[in-house]
Structure formats: C-alpha cells, structure tokens
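Shared between the two complexes below is subunit A, which has subunit B as its partner in the first and subunit C in the second.
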Partner chain A sequence: MAESICRVLRDGALEGEHAPALTIKDSIASPFGFHVFSHVLSQLSSFLFAGKSQSRGLVIVSFSRSPSFYLELLKSKGIEVVSSDKRIQILDCYSDPLGWKDRLIEAGSFTALSHESSVSSTAIVFKNVKYMDKLYNSIIELGRGLVGGGKNRFSVAIDSVDEMLRHASMSSVASLLSNLRSHDQVSSVFWSLHSDLHEDRVTSVLEYLSSMVASLEPLHEPANGQRGDLEKFSLIEHNAKKGKFHARFKRRNGRVRLMSEEVRIEQSGINLTSLSSEGAVNQGLAPKVQFNLQLSEKELIDRANVVLPFEHQGNGKPIQIYDGRRSLVDSKQERPVAVTEKVQTNEDSGRGEIIYFRDSDDEMPDSDEDPDDDLDI
Partner chain B sequence: MAAAKTRTTSFSRNISTAAPSLGPGLKCGPNGTVFVSSGIPDLDKILGGGFPLGSLVIVMEDPEAPHHMLLLRNFMAQGLVHNQPLLYASPNRDPRGFLGTLPSPAASKDDKSRQRDPDQEKGLRIAWQYKKYFGENQLDGQRDGKHEYSNEFDLRKPLERHFLSAQRVECVSFQDCPNLSAIQDHCATFLSQFPRNDGNISCAGRIAIQSICAPQCEYSNMEWDMLSFIRSLKSMVRSSNAVAIVTFPPSLLSPSFCKRWQHMSDTLLSVKAIPDEDKELAQLLTGYQDMVGFLNVHKVARINTQVPLILEATTFSIKLQKRRFLILECLNQAPVDGSSGASYGTSGSCSGSSKTGNLDF
Partner chain C sequence: MEQRYSNLLDEALGLDQTIEPWPLRGRIVAIEDQVETSGSFVLHHLLKRALSPNSSNVSIFIAFSQPFSHYDRVLRKLGCNLVTQRDNKRFFFFDMLKLQCPGGDGGITPEGGLIALYGKIHETISVLPEISRKNVTIIIDDLSLMEVAANGSSDYVLDFLHYCRTLTSEFGCSLVTLNHEDIYASADRPTFLLQMEYLADILIKAEPLATGLATDVHGQLTVMNKGINYGQDSSRNKISNFHFKVKENIVECFYPGSRG
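== the complex of A and B ==
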C-alpha cells in the first residue's frame, strides 16, 4: 500500500490537474513519520533515476536534516548523487534559515567556514524562511534549473512543514503548497508533519490541501488506567518498533480509498506488511436497531424447554392437552381431545409453563341454552 | 409565461392583477416567490421548484471530494444558458479557467420523450381515465425547447464559447486579497443591476462563490470578518433578484463558526464523499457501484411563509448517469440477506429510505 502511494507520486499529474500531494503525519505515540518520509523519498528517487517517473528532477527542501544526511541516505539506497548528473537538488533551509551567519559576519564577530565542496553543488543554502514567496520562487527556480523549461516536470519533497509553520503564518504556508500543486511544471509534492505540535486546524488545512494522507498510529493504544508497570513497558516497547499505517486516497471520481498496513521499523528502513486481523476493528455502517433479533445461548435453551399447548409436542409422545388441573407428568391415559378455548402462552425463562384454567367443568360444549337467560333484566 | 401553480392548500388566491411576466429561466412559486433552476432537475424537484430569488444557498464541502464543484458547474451553466449574468469568485489565481469546465445542455431530450409518449399511451389504454392527470404533468414538463426552465447538463460536453462572453460573466479571484472588502464591493455592484421592485422581473442574477474560507487566503483566520461578509451578502441578495451560492469546507472553521454559517443560510446542502470498495456499504445500498457521493439537504429556503418544507428524505446519492448526467437518487436499501442474519431498520445516514430494493421498476 505504501507502494501505491509511491506509484501515485511517480505517475504525477495529468494535464490541467493539480499535482498529487501527500501529507505524512505522525504523533508522539507513533513517531515514525520521518522514516516513512525517507522511504517515500528513496522510492521516488529510484524511480527517477530509473527513468520510470513523470518527473525528471527532485527538489528536496530540507528543514530538519542537513543536506549531507540526504546524500548519505540516498547513497545507502544505492543512488549516487553526482553533481554532474543533475537530478536532485537540495534547498538547504537547515544550516542557516534566518541568515544569521551573514549578519554575524557583517557584525564582524564570525569568520565564515569553508563549505564542504561535495555538498555545495547539490545544496543551495536558503536564508529567508520567513518569506514564503521567496521560498516558493527559490523552489521553482531550482526545479527549472534541474529540468529546464517547457513541459518537463519535477517533484518537490518538503522535509517538515512544522518548521515552515514556525516561521510563517498558516495562510502563507497553505498558499505556497497550493501554488506548488497548481504549477505547470510540478509533478508531485510531499511533506511530513507532526500532528501534535499544532492545533487541529493546521492538520485539517494540510489534509484539505493534499490528495493523499498517510497517518501513523500506534498498534496498541496505551490505555489510561491501572496497568502494571511491566505491561506498560512492554506496550511502549511494542509501539517503539511497530505501528499502524493508514492511508486515505482522494480519487478522481470523488471516492475515498482507505488502506491500512502494519509498519515495522528496522535497521535498514521500514518494513510494511498487511495488518493482522486482531488489530482491525471495522466499524461498519450496519444499522443498530432497538430490538434483538438474535437469541443468546441461554435463551435458545429456554425456548426449547417451553411446553406448548399444541396437540403434539413433536417428540413422539401421545397427544395430551394440558387443562390446568392435572400435571402433565401424571397423566398417562389418553384423554379425548377437547376443543380448547383461548390459551394464554406465557414464556417464562427457566421453566416454560403454560397456565390455563378451563372456565367451568359443567359447561357442555354447544349447549342450546342461551347463556344470557341467567340475566335478570 | 404563467406557469401552472401547484395547489398546496385548499384556499385559492383571488388574484386581481395578472401574474408578473417573467423572463426565461424563471418560474413562479408559492407565496409570491420566483424560482430559478439549480441546473440539476432532480435537485429542483427536491427543493420544491428550485432556488427562490433572494435566497442564499450554502453548500458544505467535503475536503475529500470535489462534488461541490459539480453543483457549482451546473448552477453556473444553467444561468448562462438562460442569459442570466453571473459573478464567480474563487481562490484560484485564474478563475476563468474553471469556466472552461462548465457543461453544455444535453441535446434534444425532449424529442426522445415526445416520441415515447404515443407508444406509452397505447400501452396505458386500460387506465385511460387517468389520462387527464397525465396531460397536466406533461404540459408542465414540455415546453419550447429553448426556454426550458431546467436543463439536463452533459458533463462531458463543454459549454459553447459564446455563452462565456465577458458581459455575462464576471470573475474574481480572492487569493491575494488581505480582506473581504474587495469581494463585498464586487458583489454590491453586481447586485445593483437587479433591484427588487414589485413588478416584472426581466432578469435575474447569479453569484457563485467557491471555497470562501480556503486556507491560502490571508483572511482565512479572521472568522468574524468572514461571517460578517456572509451576513451582508445575504442581506444584499435578499433585496435583489438574485441567488447566491457559497461553498465552504466546514473542517477549516471552528465548530461554533461552522454553526453560525449554517444558520445564516436560507438553503443548506452538504456533500459527502463515500469510501471506495466498502463492502458494508455495498451490501447496504443498491447501486453503490454507480454512486460518487452523498448529498444532504439540511434546510430549504422558505420565504414569505411560516410553513416549513418537510422532506420525505434528506439524503440522496449523487450518481453520474452514463458518466454524463448528474442525477440524485433517494437511497434504496438493499434487500436483507436472510442467511447472514442481518437486521432491518434504517441506518443513521439514510433517513426515510424506501425499501424497494433491487426490484425497482
């Protein structure tokens, strides 16, 4: 399923449509957002280098990690980023986001260190993170530099939107992201976010702006209750390595596809497997009604025990009508079948008795007498 | 063009003056209101005629699906087909681009239905005494092809260019506006073309505002300002011969403001996305494969009357017939599978569903 996310990003945007955008969100309970981000990044890069993706270049806007980290990461996945082969560019917003070094140099209290030459050609330092429009222009410039003009497209990976939101307002960040999506030359965009660092509105805005949302949740919810320390510890340990990975895809026909997988963190990256059934509790839309159409075990047994006042009980015994004056067990003779009047059935739980009292013994059936003759009117 | 009035009460008004003459695309409704079509014939039927002039329609979007755009497209296209001026505002840099996606009216559906009638009449000879009632309905439905009140729109065919001339369509982008005063002025000047005075209504106007609280707008966290814009828009529209439709995603507003916006509306609709390949839903509802979303009607505008409109059903499924025509259908519950022991009863979302099941004739 993470494969389908990567595939969507690889296939990119159609003509006249907004580019697909992915939000990767996590929280402290399951903090594997960056692992997923690196996974998606390395997948997309491998597609890019193999020539299978719509985009011809990738711009990584790095806020929370240094550019050398990304170069190392890609190298470990077998992708060598050579400065001559321009397919990946990193916009470095990590080293000096607010341009302090320049100001310190101006003030004379700082001597500039020489940059590492291997990094500087692939990474451009950006110093104005407070100005989202400048950031936008730099991203577009870098991207154009990679792929040229015209119809060629490039992808954008934003390390962490949290950092952007520290420096700029929500509406400017949202405007940057939506402008990126609607730019003709952008093939796909993806970013990561820690949802518990922000208000709910921020998360909902980013979900509104994206076409896919991948969220990470703990596999076992830690219950706030009286649990033994040992249990809590094992839970934390469990959650430290595994988690649930949910994805919501907004499809073109207006439907939403939901998928879930289990994610396990390993040395070399992440490992995604299908969710084990014990975890998945599917809250369906099946209606809940007020009456119970199913019988429990006990109720089934009790129902079987009820003695019905019908002619035969279905168990092979001779026909007997219980008329309230003899117990059923005693009578062994056959009695003439008399037409009974209305019988009241009373289903008690437990014994299942039917209590019936005949009106009167003297009464002969089909008597010619008018019963109203007794009345004195 | 005096339309046949549907009798809802046993009292009949003694109208001494002639009914006001109306331009194309307008229909007289009960209580002195005049309707314009929403562009979706099914929706007009559900709302009792269409959108009344002077009302504010609010559509609550679902951030996961673009169905509100379908409603907007049909609304705007219907207005252009009837030569009603349109003001369209959106958070995109280039709102004119959206006009290219407006659908064109479906061709000659009338001819097909007219052809079918003589055949139908032969088949219904047994029930001939009911023909007099059929006649009434047909008169309403079939009019001169050009001036039909409500068109079926073919979503695959784009609207002809001559409808989109600048005189009729005004586009406004509010992405770079620091506040809403610019749009408010636009709306005010637009609505001044359609003042309401008792008499003939030659022309009605339509305003379509898409995603007014989109996050890329600078004013999107100024909730009181947005609310006061909605209120002033409502009052301006009420005193003119126009209908305004405003869409917004409720998840981007705080809950109390979301409620306030809902109360501001005269007609309140909401659209919802449906999960893909959901086996439970597929079992519960017939026609699940063709559905693209749900439409809920929360409130229907009632102007000049105290009597509310109580609908039989408030949830409808949005389907694209032949991937071209937008139709709204009442939700039908699938027949209960006895072997699996599923229970009856209505589910939470489908109120008043009819239980015709798979055997719909």
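== the complex of A and C ==
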C-alpha cells in the first residue's frame, strides 16, 4: 500500500493538473510519521536515480534533521548523493532557521566552526523560515537549478510542516503548499505533520490540500480512564513498535479509496503487513485470571433460550405481563410470599425461565392507571 | 553498593556497560515529572554519571531552578564534588536565576536573552580541547522555568531548544531537559510538552503509582528509549518500567513487587 503511494508520487503530475500531494500525519501515541517520510523519500529517490520517475530532481526542505542525516539515510539505501550528477538538493532550514548565528557573529560573540563543508554543495542554508514567500522562492530556485527550465519537473519533500506552522500563519503555509502544487515544474510534493500539535482545522486544511493522506494510529487505543499501571505499560509497549497505517487516495473523478495496513518499525525501516483480525488483538488484552470468563457451548444455548418476561416472543400469543402473583401456567396456585426476589434459570425444562417472587401479595399489580385515581378530592 | 540499586536506570539508558565514549552522545533525553514524583533525581543521577572519573565528559548545567549551592549539596551526598569539577573545567554552571527578560523595553528581550545563552553555550563548547568537545552533556533545569524567564513565550524556548539540538548534531553533545507534566496537563492541547516528547530520543516519565501513595515506593519510572538512528544497534529501542524510592544518598530502583 505504501508502494501505491510512492508510485503515485513517482508518476507525478498530468499536463494541466495539480501535482499529487501527500500528507503523512501521526500523533504522539504512534509517532512513526518520520519513519514513513523517510521510507517514501528513499523510494522516490531510488526511482529518481533509476530514471523511472517523472521528476528529474528532488528538493528536500529539512527542518527537523540535519542535511548530513539525509545524506547518510540515502547512502544506507545505496544512493550516493555527493557526486557530479546532482539530482538532490537540500534546503537546510535546520542549521540556522532564524539567523541566530549571524546575529551572534555581528555581536562578536560567536566563532563559527564549519563542520558541514562536505555537504555544502548539496545543502543550502536557509535563515528566514518566518517568511513563507522567501522559502517558496528558494525552493523553486533550487529546483530549477537542478532540472533547468522548460518542461522539466522536480519533486519537493518537506520533512516537517509543524515547524513552518510554528513560524508562520496557517494561511501563508497553505498558500505555499498550494503554490507548489500548482507550479508547472513541480512533479509531486509530500510533507509530514504531527496532528496533535495543531488545531483540527489546521490538519483539515492540509488534508484538503493533499491528494493522498497517510495517517498513523496506535494499534490499541489508549483509553482515558482508571487503568492499572501494568495495563498502561503493556499498552505503551504494544504501541511502541507497531501501529495502524491508513491511506486515503482522492481520485480525480472524486472517488476516495481507503486502505489500511499494520506497520511495524524495524531497524532497516518500516514493514507493512495486512491488519490482523480485531478479535485476536482484543483477546490478547483480556486479563488473565483464574476463573473462566468465557461461556461454554451449552451455556450459550441456554442463554439464548431464556424467555425474557416482557419480550414479544413472536408466536402470536398476547403479551401477559407477569406480576408475580400467579404463575403463567397455573393460575390457581397461591404463591408463598418471599422476602427477597429470586432469579434463576431452570435447566431441567430444557429452556430458560425467570422466576420472580413479588415482595407482597397485597400490592396491586402495576398498571397504567393513575395511582391518584382513588383520591376523593 | 550504589551500582546495584541504580542499575535498572543505567540499564534502561545504556549506561550500565561502558561510559566512555558517552553512550548518550548526540541524543536528547527528556524527563517529565509531576508534583507528587519529582524527577530531579534522574537529572542528578545523569550528572553524576557524566562527571564520573571514568569518563571525559564535560557538563554544561543551565539552572533556572536552584542555585549552585543546592546542586553542590545534593551531588556531594551522591559522592561527586561539583566545586572540584568546576575548577577542573569539567563542569560549567550557568546561573539563570538572575536572568530577567523585561520584554523589550530597551533591556534584554526574551529572544535576545535566549540567543545570548545559545551563543554562550556554543562558545563554551568551541573553546574546549578537541577530545572533550565531542563529549558534552547540556542539562537544563527546568523548561517550565525557562518559559517563565522568557515571559511565557514557549515559541522562543522551542527555538532555543532547536538550536541546542543543532549542537547535538554539530558537536555530538547530549541534551537533558526536565519539564513538569502536570503544569501543561490542563491545557486542551499540551503543545509545549508534546513538542519535547517528539523531539526526545529518550523519554523518562516519573509518575505516581496508580494505586496512590505508599511508604516503600515513591513512584514509578518509565523509560522509553527510541533509537531512531539508522544503522545503529537495535538494542536501543526498548521500554522499561520500574519503581523507585528516593533516599538520602541514593535512589533505589526495583521491579514492581520485588520489595516486601
């Protein structure tokens, strides 16, 4: 299923259409958004270097990781970026996003030690993350620098829209993303976001802007309530390496396709398998106690056979509300007064029965009559 | 003797084997505590391990909460002399209690104050000898007070934390922060707390027991060690949960039920 997403991004935009856009969203209960982002990035890069994608270049806008992290990541997938055949450029919004280092250098209290010289050819440092228009221009400029002009296209990957939303207004971020999608040289765009850091409407806006939404949820929902420590811990453990991966595709004709899988986080990346059945999942969480919580076959049948006192049995007989004064079958026999009510199932007759003793024979049976009728006012 | 008790915490953090090179290099540790269960002891423990004679680690301590004398007293009971370490240039104490950010009336603005702090930290690390430069631990006590010092602006604090994070990738330092969960729990969306949880490679939560107060157990620690680095050893990705009891000179950590 993740492969379908990558294929859509690989195939890119049709003439006259907006570029496909993917939102990857997660929450703290299942924080695997970045793993998925890395997976999609690696896949798209492989397609790019194999010449199989529509885009000829990829611009990575990195807010949450250093450029060298991405170079290492791609290297571990067999993609060597630092070479003469440049197809990937990184817009580095990580190292100095607000220009603090420049301000300190001006104040004379900073010795810049450049360790990043090896990546300077692949990464351009961007110091104005509060200005979405400047960011947009830099992305386009970098992309054009990679693929040239004309009809050549490039893809854009933004590792964290959260940082953008922290520095700029939602409308300016939305407008940047929308402009990217509609630029005629952009082949595809994808970004990741943490849904619990923003209001719902912000997440909704970004979802509306995307043609695909990949969301991550915990396998077992952590319910808010009184839970024992062990139970809470066991839930955390379960949700730490696994989760549910939902993908929503919006087709051009308006149809929406939904797919779900189970995602497992492994050393080499993510592993997607089909969802295990809900029953198996839930049974694993039932507390293990020394008495039997399940019903046997016979018990299930007997329970199904119990005649509920006020229920329409569907056999044409009129409903007689049993008031405890006389039995349904034998109306002559006087019932002894019982102090307490008893409910028992009669297993000898082969069907269940509920026997109800009223507290007192003197009581009038319940009826629809107004209890104040006998007052003489 | 101490090793036996703190072993569970060290084990969960990967500090039980060797501490040279510092196992927490390049990683961010976020400690969250509550009023009933203070997490300061984790901070003190990490500081003590970092300043161990077997390690060449240098610690930069940014204190918003207590003066130097307090930490000196606490660490002395744990068997570590902060004054000596400070003189040996292994321990740098930034006293932020006097930091006031009146909010842009010609004095230091909150942003300006934090920029200056970042500059000071960067400078301190840059002038260290090469061997020590790779082995620095930055400790912040605590984030909620930093937010207060920044006039309530969590945005500037998050910016500052981001720049500290660039230090972890630039120099390989480790960053340890302490924050109070219950301060933000009443908010609709505890964004500041969540941001830190997302940022952290290792999240340590000190919480009371679900069953309430007890004399033998002060609380429980949950250590979530994420280990997202590609190509590193997989033993990092694990979760531990155990109980603790804070005593005068030591903190005892033990599995639930193993105490009479």
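FYI, the second predicted complex is superposed on the first by the 272 of 377 C-alpha atoms of A that agree within 3 Å, B and C clash if a C-alpha of one lies under 4 Å from a C-alpha of the other, contacts with A are read in each partner's own complex, and residues count from 1 in each chain.
Please note the rule applied: a residue touches a chain if its C-beta (ideal position, glycine included) is under 8 Å from a C-beta of that chain, and two chains touch if they have at least 3 such contacts.
Just so it is clear, the model here is predicted, and its values are computed rather than measured.
Contacts of A:G254 after superposition: subunit B is touched, whereas subunit C is not reached. Legend: residue contacts after superposition of the two complexes on their common chain; A:G51 is shown touching neither subunit B nor subunit C.
Touch criterion met: A:A107 reaches subunit C, while subunit B stays clear of it.
By the touch criterion defined above, A:K241 reaches subunit C but does not reach subunit B.
When both complexes are overlaid on chain A, the residue A:S76 reaches subunit C alone and has no touch with subunit B. Look at A:Y94: by the touch rule set out above, it reaches subunit C but stays clear of subunit B.
Taking subunit A as the reference, the larger set of touched residues comes from C, when subunit B and subunit C are compared. Using the contact criterion defined above for the overlaid structures, shared-chain residue A:G149 touches neither subunit B nor subunit C, since it reaches no partner. Looking at the shared chain after the overlay, A:S178 reaches subunit B, while subunit C stays out of its contact range. Comparing the two complexes, no residue of subunit A contacts subunit B in one case and subunit C in the other. By the touch rule above, subunit B contacts subunit A in their complex via residues 63-67, 92-93, 175, 214-218, 220-221, 249, 251-252, 254, 273-278, 280-281, 284, 292-293, 341-349. Those residues of subunit C that touch subunit A in the shared complex are 115-116, 118-120, 122-123, 126, 155, 158-159, 162-163, 166, 169-170, 189, 191, 194-195, 197-198, 209-211, 220, 222, 224, 228, 230-231, 234, 237, 239, 241, 256. Residues 170-172, 174-175, 178-179, 182, 201, 204-205, 207-209, 248-251, 253-258, 282, 284-289, 293-294 of subunit A are the ones touching subunit B in the complex.
Chain contact summary for the complex, subunit A toward subunit C: residues 28, 31, 34-35, 38, 66, 68-69, 72-73, 76, 94-98, 100, 103-104, 107, 109-111, 113, 115-116, 163, 166, 194, 196-197, 199, 226-230, 232-233, 236-237, 240-241, 265, 267-269.
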